[in-house]
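Shared chain: chain A. Partners: chain B in the first complex, chain C in the second.
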Partner chain A sequence: MKNKLSRNIYFIPYVLWIALFVIAPILLILYYSFFDIEGNPSLINYQKFFTPVYLKMTISSFWYAFLITGISLLVAYPTAFLLTKTKHKQLWLLLIIVPSWINLLLKAYAFIGIFGTYGVANGFLEAMGIGKQQILFTDFSFIFVSVYIFIPFMILPIFNALDEMNPTLLDAANDLGASRWMTFRRVIFPLTIDGVKTGCQVVFIPALSLFMLTRLIAGNRVITLGTAIEQHFLVTQDWGMGSTIAVFLIIIMFLIMFVTGNRKQGV
Partner chain B sequence: MKKLVQMFLVISLVSALLLYAISRLNSSQGFTSSNTLTIYNWGDYIDTELIDRFEEETGIKVIYETFDSNEAMMTKIEQGGTTYDIAIPSEYMIDKMRQEDLLVPLDHSKLPNLKNIDERFIDLPFDPENKYSVPYFWGTVGIVYNSKMLGGKVITAWADLWDKDLKNEILLTDGAREVMGMGLNSLNYSLNDTDDEHLQEAKSKLDALTPNIKAIVGDESRMLLEAQEAAIGLVWSGVASEIMAENEDLEYVVPKEGSNLWFDNMVIPKTTKNVEAAHQFINFMLDPEVAAQNADYVSYSTPNKEALKYMPEEVVKDERFYPSPELTEKLEVYENLGKKNLARYNELFLEFKMHRK
Partner chain C sequence: MSNKLSPLSKAFLVLIFLILYAPIFFLVFYSFNSGGTMYDFKGFTMEWYKELFQDTRLLIIVLNTLVIALLSALIATIIGVIGAIGIRSFTSSKAKNTVLSLNNVLIVSPDVIIGASFLILFTMAGIKLGFYSVLLSHIAFSIPIVVLLVLPKLQEMSPTLIDAARDLGASRWDVLTKVILPYILPGIFAGFFMALTYSLDDFAVTFFVTGNGFSTLSVEIYSLARRGISLNINALSTLLFVVTLLLVVVYYFITQRVRQTGMGGKR
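On to the complex of A and B.
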């Protein structure tokens, strides 16, 4: 009896937290999404979302988030694999994590300098004889900087998964005559799939609603759903439309979590 | 677990000590919560030396916060979380805030320095008799361009920007009214136009400009233009004047089709807790010498007639930044178009931003 009581007491902070900071905001967003710009209840925002403007925006957000996640994964997996093989792996890991402690804006401003017409990157291209290119305010710079920012979050879970893997399994695969590719495909990858899924989630979801970088690095040439939400809340003061986009983002995120979710396999 | 608890205790202790130190520091300087003034202003829009001087002269502690759009400012004041005592919005926003009852009327008897303001800037339509606001700075929207980078080309009109030679050379500012206004003006429509056909037309016209646009940015445009990242920028006059001081090749022009004339005024929002100090601050900023120093730092045009005497003649006589009344007559002031029209402007602006070359 006493045990049950104390367990309930421990439960209070959790319940309060979830109710105040998770459930209440989502309900508020849902509530606001049913009001038009004049404050009258209506469904116009949902109608508006299915016009070409917002559908195009949704598709382009998806496309960029997909590219960012894909490239991050391509870079992160081999890196994480290499890291587990190094001697001082904790140190190397730390070096990769350290940049994520630096403020995002600061990093963005640094990249404006690096990618600028007279920046280091163009200086290098010129020295190579390729000549000046426009790097800043292009899709390339946007994806590059986003990948740079998100990559620690992709490396970490994959690294952990690889690190926890029992090395004797590899020996076993080897003994049983599996080629290296076969070992990777049938043993290593399936064992680290959870890490990959987690990594993809923590990169894809924030990448869908990036907004500061779209202006600083992409010069508003890339418009994501995040940009639109920011504009509706701060400039237009159309909270209803902003909330509606947010509702769709939440739905999309739940879907992604569901699809990539870590269903405990019995195998 | 023990380590965690220890760490938690240490952090709490350090935070408590720091809090105590701050309150001691504040009280030793004579600052108490009833003696502070919170100012809400545009970024980099005041000489901070003047804030220090105001604190010294009056013993009032100033808390200074910044915003980057009129709309963002109003949203924050509407929510009322922070007790702002002074805000510096633009004219159409003052009109809107006045209508929504977000402003405290000024007591003119506490503002003897108001007499220093040029009559040109008093009693304007957005605030009759200056019941709620006092002029801070004014200026125009125009084009700043680097004639050297453009090989000596001269720009005089909005239409010049659509030139095919200017590929990837233009930086626009991330503001719906400014950019849509440019589109409307280039078609010889009013920049307060709300006719949907005209707006559509302006948007298609802007779409055609896309190949020439390098980026649509915020306050960074100052830095980017200075670094010669682009040759042309759509800017406010003060930004132009500031970067022109750094680079002789830059030139500023108010396009001949017409453009925007704006006023930023000081107001006391409803969130205030210290009306007395707010009046003191407004009166302080109206002092000719103070206004001159501020204008010199911010490089926008001051409406303070007496302050002009303290400023270098070549600045005051410069028609690009102190246009005569005959010139400003041709320019338009933004009107408060209402939420619905503003939303339309923003929607079209968003569509324009999504348009790819």
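On to the complex of A and C.
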């Protein structure tokens, strides 16, 4: 019995952390979502959420996140695949990860310069004879910069999945007469699906909620769920509405985690 | 499986690396532009670096950021290690899984939600927004990653090691400090390092819980970038890039070293 007691005593800081910083905040968000802007209990926020304005915003936020995740996957999968075949693959992988350690805001700031009216991108377009375009503050720039930022996070899990794959399986497929495309579709991809799922999970959820990119790169043209939450909490001070959107974002998050949940299969 | 990369694959990888690093080198390049813009390179100057080092406000912010990062990483590592040891000692796997899911909530939660819910929490608890609110939130969101990095090391450790130490008359404290902690040291290092990068990188959570008067580097860069281009930021990002590279090299060598001198585990 004494053993158990002492175990519980040293466990206290961690349990406190779970209670205060994991459980309490979620309950507080839920609690606040039932109050209107004046602080009176009401369901007005939920009614507001189901008006076309908010529903449209939610759908467009989803659409952007979907595009960003899809494009990241299309670029990241071949990259990860080719990386596993390089000679010093761990070193190359490290080099892919280094840019993700540079502060996200600095990278966004770099793109303000690159995509600006007189920036490199426009200089290039002019040299090509296309002429100056408005690049910054468009959907294109938002998606491009988001994909740029998320790519390392997509490559990493896929690389790990590919790296763990047993190479003899490929030889077997080859021996049995599978074409390269067939080998990929029937052997490689199914075996690395867990990595793909993890990658999609770590890209999709932040893509729904990054607000600084929409502010800096999309110039408030794109409003994601994250932007709306930030707006309500820090600008209009309508914590109730902000919490309501947060509640839905949390629900969506759990749904995504459920869908992309890793069911371990042994091969 | 052919192990040689085709020229096309090589070109693809080169392109990816170019895109990943171009914005960073773009920032570095224009930090030496005497023209004061991110286009039209007029001439070489160190003026922006000089200005940076004379900006005492910014230097204080850098100091704040470092203090927050080191303190939060240290405290998060301690609590995280305690948590991991506690989780390992659970006998029922159901309880273990519950605690682990709670542990992971903050890892998968979008930053906006963490920020918004912590803002509510601190406001309700009457904690003034500033240094302490930022420190507490950084500790809070760094703990789960420490747990996740330490736990595998603990699980890899054979329980017979502890039994042997106990049989040889070691006290519980001795077992902890002379057997368990040295064994899981690589995990602790990795956890501390990740906590450090989490803290240095964080923008969204800090943005929510920092009041007026206290600022970290990310928040400062955001407010500067919203005002437009200023080559001070370029100079700053060059320095940060160099520091990041140094950290990567140090981390690489530490992990190599730990791998070499670590106690013979399973592998």
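Things to note:
Simple rule for what comes next: the second predicted complex is superposed on the first by the 247 of 267 C-alpha atoms of A that agree within 3 Å, B and C clash if a C-alpha of one lies under 4 Å from a C-alpha of the other, contacts with A are read in each partner's own complex, and residues count from 1 in each chain.
Methods note: a residue touches a chain if its C-beta (ideal position, glycine included) is under 8 Å from a C-beta of that chain, and two chains touch if they have at least 3 such contacts.
These numbers come from a predicted model, not from an experiment.
Once the complexes are laid over each other on chain A, chain B and chain C cannot both fit and instead clash. For chain A, the partner that touches more of its residues is C, with chain B and chain C as the two candidates. In the superposition on chain A, A:Y10 contacts chain C only, with no contact to chain B.
Of the two partner chains placed around the shared chain by superposition, chain C is the only one that A:L94 touches, whereas chain B remains out of contact.
By the document's definition of touching, of the two partners only chain B reaches A:Q231; chain C does not. Shared-chain residue A:L43: touches no atom of chain B or chain C.
Judged by the touch definition given at the top, the superposed model places A:R221 against chain B, while chain C stays out of reach. In the superposition on chain A, contact of A:V53 is made with chain B only, not with chain C. Look at A:Y118: by the touch rule set out above, it reaches both chain B and chain C.
Applying the stated contact rule after C-alpha superposition, one finds that A:Q134 touches chain B and leaves chain C untouched.
Overlaid on A, the two complexes show chain B and chain C touching the same residues of chain A, namely 112, 116, 118, 215-216, 233-234. Contact residues on chain C toward chain A in their complex (touch as defined above): 1, 3, 5, 9, 12-13, 16-17, 19-24, 26-27, 30, 37-40, 78-80, 82-83, 85-86, 89, 99, 102-103, 105-106, 108-121, 124, 140, 143, 172, 197, 200-201, 203-204, 207-208, 217-218, 221-222, 225-226, 228-229, 233, 236-237, 240-241, 244-245, 247-248, 252.
Of all the residues in chain A, the ones that touch chain C in their complex are 6-7, 10-11, 13-14, 17-18, 20-26, 28-29, 32, 75, 78-79, 82-83, 85-86, 94-96, 98-99, 101-114, 116, 118-120, 123, 148, 151-152, 167, 170-171, 174, 201, 205-206, 208-212, 215-216, 225-226, 229-230, 233-234, 239, 242-243, 246, 249-250, 253, 257.
Touching chain B in their complex are the following residues of chain A: 37-38, 53, 56-57, 60, 112, 116-118, 134, 136-137, 215-216, 218-221, 223, 228, 231-238, 241.
Within the complex formed with chain A, the chain B residues making contact are 69, 71-72, 74-75, 168, 171, 174, 176, 214-218, 220, 223-224, 227-229, 339-340, 342-343, 346-347, 350-351, 353-354, 356.
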